[in-house]
Amino acid sequence: MIGLNHYLILSGLLFAIGLVGVVRRKNLLMLFFATEVMLNAANIAFAATSHYYGDLTGQMFAFFIVAVAASEVAVGLGLLIVLYKKHGSLDLDGLSTMKG
Amino acid sequence: MEKFVYIALFAPLVSSLFAALFGMSPRKTFVGVIASLLLATSFLASAILAAFVYQTGGAIHVTMMEWIGAGDLMIPFGFIVDQVSVTMMTVVTLVSTVVHIYSIGYMDHDKSFNRFFSYLSAFVFSMMVLVMSDNFAGLFIGWEGVGVCSWLLIGFWYHKPDVSPEENPSISPSWAANEAFIVNRIADLGMLIGIFILYWNTGSLQYDVVFAAIPHLSHGILFAAAIALFIGAMGKSAQFPLHTWLTDAMEGPTPVSALIHAATMVTAGVFLVIRANPLYMVTPEVSYFIASLGTFVAFFAASMALVNRDLKRIIAFSTLSQLGYMFAAAGLGAYWIALFHLAAHAFFKALLFLGAGNVMHAMHDELDIFKMGGLKKSMKWTYIYMGVASLALAGIPPLAGFFSKDAIIETAFNEGTLILWIILVVTAGMTAFYSFRQVFLTFEGDERYKAFGIHPHEMYKFVLIAMSPLAILAVIAGFFQGTFHTFIIELLPNYEMSEHTHHYVLLLGAIVLAFAVGGIVLAWVMYGKGLKRNEKLENSFVYKLLKNQYYIPQFYAEFISKPYAMISTMMWKSVDMKIIDTTVDGIANLFYSGGDKTRKMQTGNLSSYLNWMGIGLFVLLFIAAISTVIG
Amino acid sequence: MDNILSVLVFFPAIAALLGFVVDKKSARVYGISVASVELLLALWLWMSFDSGNAGMQFVELVPLVPDFGINYYLGVDGISLFIVVMAALMTLLGMIGMSIEKDIKNMIISLLFLEMTMIGVFVALDAIVFYLFWELSLVPMLYIIGAWGGPLRVYASIKFFLYTFTGSLIMLVGMLFMAYLYHSISGIWSFSITDWYALVLPVSYQIWLFLAFFVGFAIKVPMFPFHTWLPYAHGQAPTIGSVILAAVLLKMGTYGFVRFSLPLFPDASVMMIMPIAVISIIMIIYTAMVAYAQEDMKQVIAYSSVSHMGVIVLGTFAMNAEGISGSIFLMLSHGIVSGALFMLVGVIYDRRHTKLMSEFGGLASVMPKYAVIFGIMLMASVGLPLTIGFVGEFLVLLGFYKVSMIGTILAGTSIIIGAIYMLSLYKKSFFGPLTNKANEKLLDLNGKELMSLVPLVAIVIWLGVYPKPVLAPIDNSVKALLTFMEEKAQTPEAKERIVVSTTMKEAR
Amino acid sequence: MLEPISVSLASLNLVTLSPMLIAIAGGLIILIIDLIKADLHKSLYVMLTILILFVDFGSVLGLNVNERGFFDVMLIDGIAIVSELLILAASILFIPLALTSKRFHEYSYPEFFALFLFMIAGFQFMVASDNLILIFVGIETASLSLYTLIALHNRNSSYEAAVKYFTMGAMAAGFYTMGSAVIYALTGSVELYQVADVLQNRIAEPGVMVAILGGSVLLIAAFAFKLSLFPFHTWTPDVYEGASAPLAGYMSIVPKVAAFVVAMRIFGMYIDLGIEWVRIAILVLSVLTMTLANMMALVQEDVKRMLAYSSISHAGFVMAAIALDTTKGNTGVFLYYALFMFTNLGAFTMLWISRHKNRVHHERYDHPYEKFAGLVKIMPFAAVIMALFMLSLAGVPPFSVFWGKIYIMSAAVDAGYVWLAIVMGLNSAIAAYYYLKLIVYMFLKDPEENDGTVTYNMTKPLMTIVGVAVAATVGSVFIMQPLISYIFYMVSASGY
Amino acid sequence: MYEQIAFYLFSVLTIGLFLVTVLSKNILYSMTSLAAGMVMISGFFFILGADFLGVVQLIVYVGAVMALYAFAMMFFDASRDVKEKNANGAWVFLLGGMIALMLVIVFSAPIYSENIQAIYPSIPGATNPQSVGLVLFTKYLIPFEVAAVMLLVAMIAGIILAGKKMDQSLTTEDDSVATEVISQEDEK
């Protein structure tokens, strides 16, 4: 039988994948993809828990996470656009004028 | 009578303050005159007090006001005029008065004439406080006061530069002044400790209370107190090993040497032992130590005087030596004899110094007796004064020194301390020798000074007249021995020679006299006809040893002064700046450089920031996992 | 006037605020007037002080933060009274003698603020108020050292600030813990020292608390080995800064010992006698030797301050009225003498812009008045009887003798080595021939300088000859303090060590 | 089929929503005004915002303590009220900084003010709930607004700041959701009071602890980001540097207060459950944060960046109080921020006043230390005021931060963490150095050859704000008693 | 059995697709695989009976978000391979692997408990969207509304940030006019 733990472990693995992406990516757009992965990993955990407990709260949370993800994309892309206009690139290595 | 006490005490202070008013103005003779008059007033008051005490046999005890009161301690400004203090007062004021008058002449050409009188009178005031105080703290006031005045006066010609010790063993007046002050401070610490011991065991510092409590104290405490106080006395009276400052103190003007470093201040130590006689009576081992040390110093100093060429230093050594005699007497319990010698010595030694001052004045401050000779022609009176003083010093009857010194030597015999007696007798011979070596080299023989183009002249008349009381006293003081004896033993314990000694008294006297005369004769033989230098003798080890004062000043310089300076510098440069301060700054720099290092994590690169977050998460998760496994 | 303490504390502060308005050229006169009024107020306080009363007088208590036990609580007793007077006096004299022309207005304002904090520290009876003034005093001093100091002034001022600040933060933790203990025992929050006095603490707590307070005080004093900020601070500070620093600010530390450590932790204090005595003795001898090695006149006096502060600390821990009264008196005398000495060094620095002794020599012939006053202060510094320096030093050593004879002998060497460095300073600078051409034309003290120095000379002699008006109220309060400590002490050792004077015993 | 559900309006307790609704409505009003008439001056919007915030403030004051509303999603307890008041007060004080004499890009957008109000609403939701969902949505609303506000400053460094903040925020959001997922999986609930009940029962179950701690770690990481605890703090200096001074100052107070309330709710729950690990972890993080941030602040060359590090350090300081989990500690959190607010307001306002449009003194920094060199000679009053704020930040009595410091240190001592109090004290000493550095520049150095350096942006409103800050900083001792008693009452009423 | 097959199938696919998202050098591949992964995740939602959520996932992610990304990609002209300088690639994978390991440990704990009562259970007889709707519009109405505000914020943010006005900084423009206005106000 597939238990809750299966789903949670899957969720954990996806989260780690997302994390690797976030940590590794230098292109900001692709970095944002990775954050989506992380949020979706949590979604799976919520949906699974919701299923196993027969409780709807998890689905609610997942629902809001989707909403948040969508909003973040909007703002994030807005930021990327201004940035791109100024820098002409999305490489985050270029974003290191402030340090120390 | 109280008002005489205050007059005697404060007249010198008034004199000092008066002179101080003109301290920065050019020389004004009236300053010296008024100071001398005030001193004379003080002397008169002291004399009146002496007469009063002599007649009534009682003491005058006044308490002026409270000084320090803290906890259970209560120190007043209290003064007591009893047999001992009145003797001291009279001697001090008399010699002071003479020296003041003398100074008017001696300091004639000095531009700091007024300042000199201010210091000199201040010294007399301090000395009066010292002798008159009715408690140890008051004694200490005077004790330190005379120390400061001595510092001021030794360093009076502060503008002289430092020279090498080969050129002048005292280096410079200011150096000598500092040396005197610091060496005295070492002894003062001992004295302070003694005071503390007495306070914590008797609850008071008043002489009467303390002495009354002595029978109730354990021997150990008394022993410690006696030793501690004697250490104080050693400093002021320049006993070995704290003696080096006294000869260096000769850098001061000669009247100063006469007053402070011969007649009065240096005898303070003896005075202290006499004052604290109830304490020393019950600590015989300390007393014996005092006597032995005194005897040793008498000999030790006399030996150094034998070869010295410096007019004043010879007298200084002789002072040291005579102080040794006094301590020997006091240590042996003959307090009144010690006091008697103290007084007699004050007269003839002051006279001797003042005479030396005349010579210096005539010789334009030349002190080397090898460069003098034949001065008797131009300085007849001085020759007479110095001759008389030297005779007294050598103990030739019927002069004062004979009576007092002979009594001391007799005491040594009487106590059965034969070794001390022998040394003292030998020393008496040496004393006679070096005194007359000096006198002959100065006044007899060929006129060596001519080679240096000096034209000596006699001192002013009034100065010579002013010196006469001392000369007279040097001659006649001895005759008052009996009177003094009856007067003083009202207060001090009596000391009589035993029958046994009485038996030999003439023999003993004769031996001493023989030594003294022998010394004089030897001096005449060697130096009466002029200076004959003996190369062989001068190159011998003993001669050099004596000439270099047993190398003690060099020893102090090499093993105390220099290491002290070196360690001080090391402590500053290595310990304070390097170790302690560097540690402090190091801690601060640790944070600062830590900041420099940690700021590197702030690369400005978003990727590394995200890395840090990942690492943070991992570490926290890892620790959480580990701690669940453990816990 | 029951609220004279508040007036004393805030008068200079308000005057400082108003001082911003005063024109630059008139600033000095303004400052001197304010300081004079402040001194008069302080003298009035002294006059209206009841010497017979050993307890706190002119007490003012206004709750500030009742929920946290912080009150505006002032009071003065014999121990603090004279330090307050001295603070007012030294500020005034320092201002009179000041030769600074640059930014004089800022200087005056800083000084007035400093005066507020100094007086505040000594009259505060609430730990937080005490701490407040304690910390606040650093700020104007930082500015004074940093703005008018020598070449290393910034380093010196920051070092001064940070060092003291660090120590006092540890002390603050101690205070908070004390308040916590008070709260857990009584259920009330209170930071008032008099409340804390009532608290009998277990010995183990006492030791830790003692140490916490010790860090704060020891750095301020400054005790060996925390002293290295002081030579820098003095070396770089302008004359006025050194005067105030030496005369008053250092006394905060030793005052803290008397006000806090002894009565709050009697058992711990007794247990700590020996360690502190060892530190003090090291401090006395070591810094005196270091002082001898100095080449700069001011550094000699700076290190000598440390050495003298060692004597003061030693006296505080003598645990008898003689020692403690002596140490408080020595605080006053050291304040006056070292203040005067710093002023004197300032005088020559103004003329020659150097403090190196090798530059001088023979000054006594060109500047006789200067030499005389310097000499008097020197003698007071080495503790000559009939000067102010002797009374305190004598009493301290006398008091400490009761604790340890060896210790007293070692500490007593201060009278020897003190004489060594002071006399060698005097010899190097004032004696000898006038070799340096630059010194030949030096002017003697001018009227301004005399006006600031002569009163100090007068005090040095007056209190040396007749210390009673000052010593008696101090002694009175100290005796009460000791009696209180003895009653509060728990360990038999402490009961034995703390000496209650016979008058107090009879009163009981 | 489904039955219709009838809910009585009274049971919803809609009044609990009023503060947020006011802010949201205010934001909408501003948007509408902009639609109706363009090109209105920013001062109108500033004043409107202030008025709306005042109304909001009033409505918060009118709330009753310990009420729940709207199916228990809303939780108006003492700390919610106190923190909302703090948030609103800080907002009211910071928004007038828009009224500079020079024009700055962001204030030309009416949307700026709308977003500002939405952000406040977001923070208010965040603090007024113990439902992880609402907290999450509140956080994101506020954060998204904040990112935009930062970027609106419109220069390269502010984009960089916004992007950095945004990206790391997204990652932190991932942590938060994952942490919530763990909690949900463990307890079947996302409401903290139910979570606490269930965890209480499950805590003894074998093997479950690793999950509990794992969940707590994810949440700690998420809030460590918000509160800028080491090593999640890296965004802070860059964002402060990139953002305008008013916003940087604002960020050092308001988001922190909101996050502290949530942290107090979540971690307080863990600690109350007896999970000491969480307490230790937080303590270690906060000590590291204090110390390392202080050390890094020592070596900064720019005052604003230094203040950024200093605010990290202050946050670490306060976080330690949360770990104590005592009423006094929690009171201390609010007290500290209430007092810190004024000082920081003043300090950042002074920076803002001295802000040039272009970087005059340094190619990278707006406020290098050199800019303030010799300020006392040019403008003694400004120098004294700035010094006052620096001293306050350093914890010199009697200025405001000192009182917060001793209160928290006292709380640490009371809770038996004397070592913590000592660490706090020593850190204050380290911190004093970099605050002093500015004082040293202002008072002890000679001015550079640049005239008009300091009052570039000065206007009366800004002076007023500075005046308020000075008054509150200096006179803080007189407001201590009401503050302490009010906050203590509120905190203990909510059971923290 | 059926469920198991579905779970493992979807798991492998999701993990694979997301790995491509994270590792691919081509932004297009990356985005496409992300979209596909989202579809797979909605598959999970359907398996788990969260039909509504599954649909939302499809609409929002695959529909809206991906469209946004696609537009953005066009804007950024990112069809070519992205050059990324990964200096410490191994370290990243190590870190990711360790975190994965830790999370696996955490999630392997016996998290599921029989005792937990569902607080908002599905209503018997109602479909999933109906149940969801019921909870969403009662209990979670407030978050829902806040989410609306959030979306509004996001919209405004997106509009202003991408707007033309951001191209030119008003700050650096000459602002003598603005200065005048303010100074007049101040004088009043």
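In this document, chain identifiers A, B, C, D and E correspond to the written order of the chains, with residue numbering beginning at 1 in each.
Here is the rule we go by: a contact is a pair of C-beta atoms (placed from the backbone, for glycine too) under 8 Å apart; a residue touches a chain by one contact, two chains touch by 3 or more.
Since we're looking at a predicted model, the values are computed, not measured.
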item: Distance in touch steps, counted as few as possible, from chain A out to chain C; value: 2
item: Chain whose mean Cα position lies farthest from chain E; value: B
item: Closest chain to the centre of mass proxy, which here is the mean CA position; value: C
item: Chain whose mean Cα position lies farthest from chain D; value: B
item: Interchain centroid distance [CA atoms averaged], chain C/chain D, Å; value: 43
item: Rounded Å distance between chain B and chain E, as computed from the means of their C-alpha atoms; value: 99
item: Inter-chain centre distance, chain B versus chain D - centres from mean C-alpha coordinates, in Å; value: 78
item: Chain centre separation in whole Å, for chain E relative to chain C (CA means); value: 68
item: Interface hub residues of chain A, defined as touching at least two other chains; value: 4, 8, 11, 15, 18-19, 22-26, 32, 53, 55, 57, 60, 64, 67-68, 71-72, 75, 78-80, 82, 92-93, 95, 97-100
item: Sites on chain E at which at least two other chains make contact; value: 92, 95-96, 99, 102-103, 105-107, 110-112, 116, 118-119, 139-140, 143, 147, 150, 153-154, 157, 160-161, 166
item: Sequence positions of chain C contacting 2 or more other chains; value: 162
item: Set of all touching chain pairs, with the criterion as stated earlier; value: A-B, A-D, A-E, B-C, B-D, B-E, C-D, D-E
item: Chain A to chain D touching residues, read off their complex; value: 4, 8, 11, 15, 18-19, 22, 28, 31-32, 35, 38-39, 41-42, 45-46, 49, 53, 55, 57-58, 60-61, 64-65, 67-68, 71-72, 75-76, 78-80, 82-83, 86-87, 92, 95, 97-100
item: For the chain D and chain A complex, residues of the former touching the latter; value: 132-133, 136-137, 140, 144, 147-148, 151, 156-157, 159-164, 166-167, 170-171, 173-174, 177-178, 180-182, 184-185, 188-190, 237-238, 241-242, 299-300, 364
item: Residues of chain E defined as touching chain B within the complex; value: 92, 95-96, 98-99, 102-103, 105-106
item: Touching residues on chain E, where the partner in the complex is chain A; value: 3-4, 7, 11, 14-15, 18-19, 21-23, 27, 30-31, 34, 37-38, 41, 44-45, 48-50, 52-53, 56-57, 60-61, 64-65, 68-69, 72-73, 75-76, 78, 82, 84-86, 89, 92-93, 95-97, 99-100, 103-104, 106-108, 110-112, 116, 118-122, 131-132, 135-136, 139-140, 143, 147, 150-151, 153-155, 157-162, 166-167
item: Residue ranges of chain C in contact with chain B within the complex; value: 159, 162-163, 225, 227-229, 231, 286, 289-290, 292-294, 320-323, 325-326, 329, 362, 364-365, 368-369, 372, 379, 382, 384-386, 390-391, 394-395, 397-399, 401-402, 405, 408-409, 412-413, 415-416, 419-420, 423-424, 427, 430-435, 465-468, 471-472, 474-475, 478-479, 499, 501-503
